[in-house]
Amino acid sequence: MGESRSSLRRGFRVIAVLAAFSLVAAACGSSSSSSSSGGSSTSGSVANTASAPGITPTSILLGSHQPLTGPAAPGYSEIGPAIEAFFQYVNAHGGIYGRSVTFKYLDDGYNPANTVQVVRKLVLQDNVYAILGGLGTPTHTAVVDFLNQNKVPDIFVASGCNCWNEPKVHPYTYGWQPDYIIEGKVLGAYIKDHFAGMKVGVLYQNDDFGGGGLIGIKQMLPASQIVSAQPYDPTTLTNGLGTQVAALQAAGAQVVVLFTIPAATALALLSMAVLGYHPTTVSSSVSSDPTTLAGLVSNFSKGKVGASALNGLYTLNYLPMSSATSDPWMQLFLKIHSQYDSKEPVDGNMVYGMSMAYYFTLAMRAAGQNPTRQDLINAINSQGATWTGPGLAPLGYSATQHLGFMGSEVVQLNASGGATAVSPVYVTNVQGPVTTHASVEGPVPSWLQ
Amino acid sequence: MRNFWNFLLIGVSNGLVYSLVALGIVLIYRSTRVINFALAAMATFSTFIAASLIDRNVPYFVAFLAAIVFGFLLGAATERFVMRPVESKSPLNAVIVAIGMLIFLEAMAGVIWGAKLRNFPSHFSLIGLKIGGARLAISNFDLFIVTVVVVLLLALLVLFRYTKLGLMMRASAFAPEVARLLGVRVGRMLTLGWGLACAAGAVAGLLAAPKVFLFPNNMDGVLIFGFTAAIIGGLDSPVGALVGGLLTGVALSFIGGYLGSDLENVGAFVILVVVLMARPEGIFSSMSARRV
Amino acid sequence: MLTVENLSASYGPVRALSEVSLAVERSRITAVLGANGAGKTTLLRTLTGLVPAASGKASLDGVEFLRRPAEEIARMGVAHVPEGRGVIQELTVEENLRLGAIWRRDIDVQAKMAWIYELFEPLEPRAGKPAFTLSGGERQMLAVGRALMAEPKALLLDEPSLGLAPLVVASIMSLLRRLCDEQGLSVLLVEQNARSALSVADDAVVLSLGRVVVSDAAGKIRNDEALRHHYLGF
Amino acid sequence: MEESMVEAKPEPKQLPAAKQPQGLRRLFGQPLVRNIIVGVVALVLFYLLIGHLSQYRIYQLSQVGPYLIALVGLSVLTGQNGQISLGHGALMAIGAWTLTLMQLHTKSPLWLMLIASALVTMVFGALLGLVAARLRGPYLAGATLALALGLPDITTRYQSVFGGYQGLEVNQPNAPSFLGATATPTEWLAIIEMICVVVVMILFANLLRSRVGRKFRAVRDDEIATQVSGISVPRTQVLAFALSAAAAGLGGGLFALVSGNVSPGGYTVVLSISLLAAMVIGGSGTLAGAVWGSLIMVYVPGWATTLSQKLSLNQSVSANLALAIYGFLLVAIIMVAPVGVQGIVRLVIFKMRNLRKEPG
């Protein structure tokens, strides 16, 4: 249905949305509304209606699947609470068109069979308006067809698989974080620019994440420069990564690229320390939340060598670092954290969740006062590429492309857990060339203050 | 060649931890014929206790001992209050209860300490030792692991071979009814056996945590490889647990190093089937000898 | 003196013993005879706490012990040598013997063992060997010897002759008689092999379907041909 | 135990030959015929029932079927034949991928794909049975657990064939036109499953009444005596493994249809362990126990979640608490009901019958 809408009508709708937007902005300024949630936004003439499943005149119900228990829970279990906290803040600041947002995230234990179950429950029983930030490639793959068949907006999947960017097959599904292939290309580009001619080794998880990263790297570097690519199986991390790192060392890799989950990054750094192997280490954004890593590596040698294991590590960054306390977005997030999320640590996962919730709020505001599900899709397709916020790289949304952030900057970590940007923002898509760009990080809008 | 030696050392270091888990499984199996799947959770829980103590500035070795004592008490209490009522029914029931305990304890660890990844101190350096100019994949901490495992095995050997208590424990394990007729308080021996086994599990947890980090499920993988090790060694042989653990660790390290880490799990299955086809009750089982 | 009064026990819905009464004086042997399934083994297992008693009493030198845990009954001086010899096969001969007196702090274990090795000469050279290497007769010797380690007052033997050669049986029976007299034991001897049991016993009871059908001096039963034919099959 | 695989319902005793009734009544006296009638009645009731349920409830119900069929297989193997398997999750995986790959590469009709799931898994199960026949108790449990651990990794090793961690998509079949245009794929799937459940239950109920069933139990109760009496123990064990695997494979094929996707994350060691736990808790060795077990697998985690959410803690605490409640329930049920839920049900029926008899 959505695809058959004529572009003319879509154009009208955009205009209507923009008009609504400006009305809202105006209303915010003079906020004095009768809405019980303390909010603003309903302009006098149009009343809120139950315009879609999960939307009532006073509320919006969103659903998500997150690993809250089991082996994948560490770290990722913080994202759901961060998204929820952001919405609580939005609700306290007038909600979205006066509606308060309820974010219902259920545990799937990172088991696709459970994901199928909880997502059906959210859609068929709880009648959520949309699924936001469903986490994980194998888990979300199991429900993406169901969501699209039922025309449920499947917004900002929390995974960098390039399989979310298939608007023809899955028109209701949108990626958000940089595609893994894009991350690989950005890292490859940086290596090409700064470590030309050095022998490169890759340690990667043997799934779409590591595999995508490897594809990206290989696109950017000559085959002869990559001396060794070592896959690892995330289910056998019990055995450590000693053998893989020893193999990289034996191959003489001077630059090691990590496409690893944080625990594996820590294990890899541990193995490097054990073997006295000190290559230049470059990692994807997934691999290296500095807060998490600093905690994990601090004991390698009774705390003495610990932090230095991170020192000099290059990694990718497309959102403000959680240590960047002078960044206005981080200041906002810290405020929200202290009010609504104080049980969870301040780290990259928190920034990730809150940023995602922010972009979703933008999408809802753009979808109009009484949006249908299709209105949300149309809003992202037509306006998504123009949104700014905490993200450093532009978003790649259009009717024909459902890519999220199209790149990132390279930062280098220091011993104290901080980071310094060492490159401009590299921007690309899956096939195209890599270009550099200034950061597009936008100001915190007034309705969030 | 350097790879070969590193793979070997990595395998030995991993294998010793599997040996400890295997030992915990063997100690319980030979006394109560139960495969204690809850051992992973008990180890993790004990390690969390140590971590909480260390966070409160308790010295490492005090926390280490406290965790072992906690593991002992947890195991003993589990036998006395949870296992005792079901042991007499079918062994399968006891296994399911152990699985229930595993789920329960791991989830409670998540409730109490949260599902975040945290480190656990090793006290000794994890940095590889320098031998002949190159660092090898063996650190002071690995030497500590070796020491602990050897001391523990020797202590158990002395206990079982040379003390009255050990004799009573073995008698209770091999022939509980006969032992009772000889005046041995078998129930206490079983409780003690579970306590010791879970204390061994706690040690395994404490030694594994610096390398696999600490979170509620951190010992699941270790448990499965430890169980594999126990079976390879023979479920009623503590020496078999040591050998089985080393064999498993080294074999997995070579498989991971030379064939790819995605074959480690498959490799564990292949090794198990090959060993069991040759010796259906493990390498060191006394059963097969007795049947002849 | 071992006294049993009106002892009853059940295996599930099946009544295995009903109203069994008997008494064994010190230095006397009472044989418990009867066909397979008559309740002989159940009688011993009930007395030593392995099968719960439904009703009745049992006492040793006036001290009531029925319904106590098996290990406590053993510690009161009731030694039970179970059917199938009950040696712990994985343990060595010496360990089996040590185990016999493991709860006694006041016994010189070395001296006791030396005495057992004197009684049962074949055991000494095998002291360090696991029990599963022993022959059937040797295992029986070990089981009896082990029971004697703790200086029991009552000795309950379940089918000591089972599967043994007649010569071995004869030597075990005569040894039993000697021990009983020397140590002042009350012996309850459950036997399928009535002929050899009656040759050493002072008294005998015959069980049938869990009931005592005959209780008399061993000599009388030996001489009562009709009774022997009817219940004991010889 | 001998009676345990027979239908859960109280049945009239077989009448002695002399009084055997004639004609129709005699026909109904046949267990097979009676089972078929019960099955058909159940099917009709089920069809009427789903007309009154929401799509989500139907979907939830359709999750029961795959577990139920796999549990029947596991119950026969462990409860009736005495072989412990901690690898039935892996066998389900084989069935699941068989169906998925057939759907992807061939244009086979649904029934053929389901039969293939069962047969391919059966062949694999027979091979596994050859290994299993040499192993006892915990050693067999360990070997099958290692299988459950290792097998999913094959799918990531050969990503191009099996789809890697993401797995492969499975299309849900559309309802045939004779059911009317209103039947959704979810409803149709539930009906397919119920048909499979009925067929499998009837087949296994009759198998276990037959000589084969008696052989299974004989091997379980006393291997040596069985061997002496001229029955080949290894052959019986391999047969039990093969049949059990066939059921697991069919369950796996249906599971793939219900999930709409196959991926290794759905078939981990956790699934195998859950199956064993559900089998024991339901009532090991009985068909009715498999029903209870599958219901527990599908519904109890949900109840535990609801229960822990009532405490209105934060979500990650309540998710862990739900899991803790589930673990606690496993322990509690075994402690309260060592013979499983079916054991309790039978006890209650027995008591009620006695009550009815006494005054009459």
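A few remarks follow.
Letters A, B, C and D mark the chains in the order given here, with residues in each chain numbered from 1 onward.
The working rule: a contact is a pair of C-beta atoms (placed from the backbone, for glycine too) under 8 Å apart; a residue touches a chain by one contact, two chains touch by 3 or more.
The structure displayed is predicted, hence computed values, not measured ones.
Looking at chain C and chain D, the chains in contact with each of them are B. Centroid distances from chain B, each centroid being the mean of CA atoms, peak for C. The chain pair with the larger count of C-beta pairs in contact, out of B-C and B-D, is B-D.
Note: centroid distance chain A to chain C, computed from Cα atoms, is 78 Å. Distance between chain B and chain C, defined via averaged C-alpha coordinates, is recorded as 42 Å. The distance from the centre of chain B to the centre of chain D, each centre being the mean of the chain's C-alpha atoms, comes to 33 Å.
Distance between chain A and chain B, defined via averaged C-alpha coordinates, is recorded as 39 Å. Counting only residues that touch two or more partner chains, chain D has 153, 156, 316, 320, 322-323. For chain A, the set of residues that touch two or more other chains comprises 68-69, 73, 77, 206, 233, 235. Residue positions of chain C in touch with at least two other chains are not found. Going by the touch rule set out above, the chain pairs that meet are A-B, A-D, B-C, B-D. Residue ranges on chain B touching chain C, taken from their complex, read 164, 167-168, 170-171, 174-175, 177-186, 286, 290.
Chain contact summary for the complex, chain A toward chain B: residues 68-71, 73-75, 77-78, 206, 231-233, 235-240, 242-244, 246-247, 250, 262-263, 266-267, 270-271, 273-277, 292, 295-303, 305, 345. Against chain D, the residues of chain A that register as touching in their complex are 68-69, 73, 77, 80-81, 84, 105-107, 110-113, 116-117, 120-121, 124-125, 137-139, 141-143, 145-146, 161, 163, 206-208, 211, 233, 235, 343. Residue ranges on chain B touching chain A, taken from their complex, read 2-3, 6-7, 10, 14, 107, 110, 114-128, 130, 134-137, 139, 210-213, 215-217, 220-222, 225, 249, 252-253, 256-257, 260-262, 264-265. Every residue of chain D that touches chain A in the complex is listed here, in rising order: 54-56, 59-60, 63, 153, 156, 159, 164-167, 169, 255, 258-261, 263-266, 268, 270-271, 305, 314-316, 319-320, 322-323.
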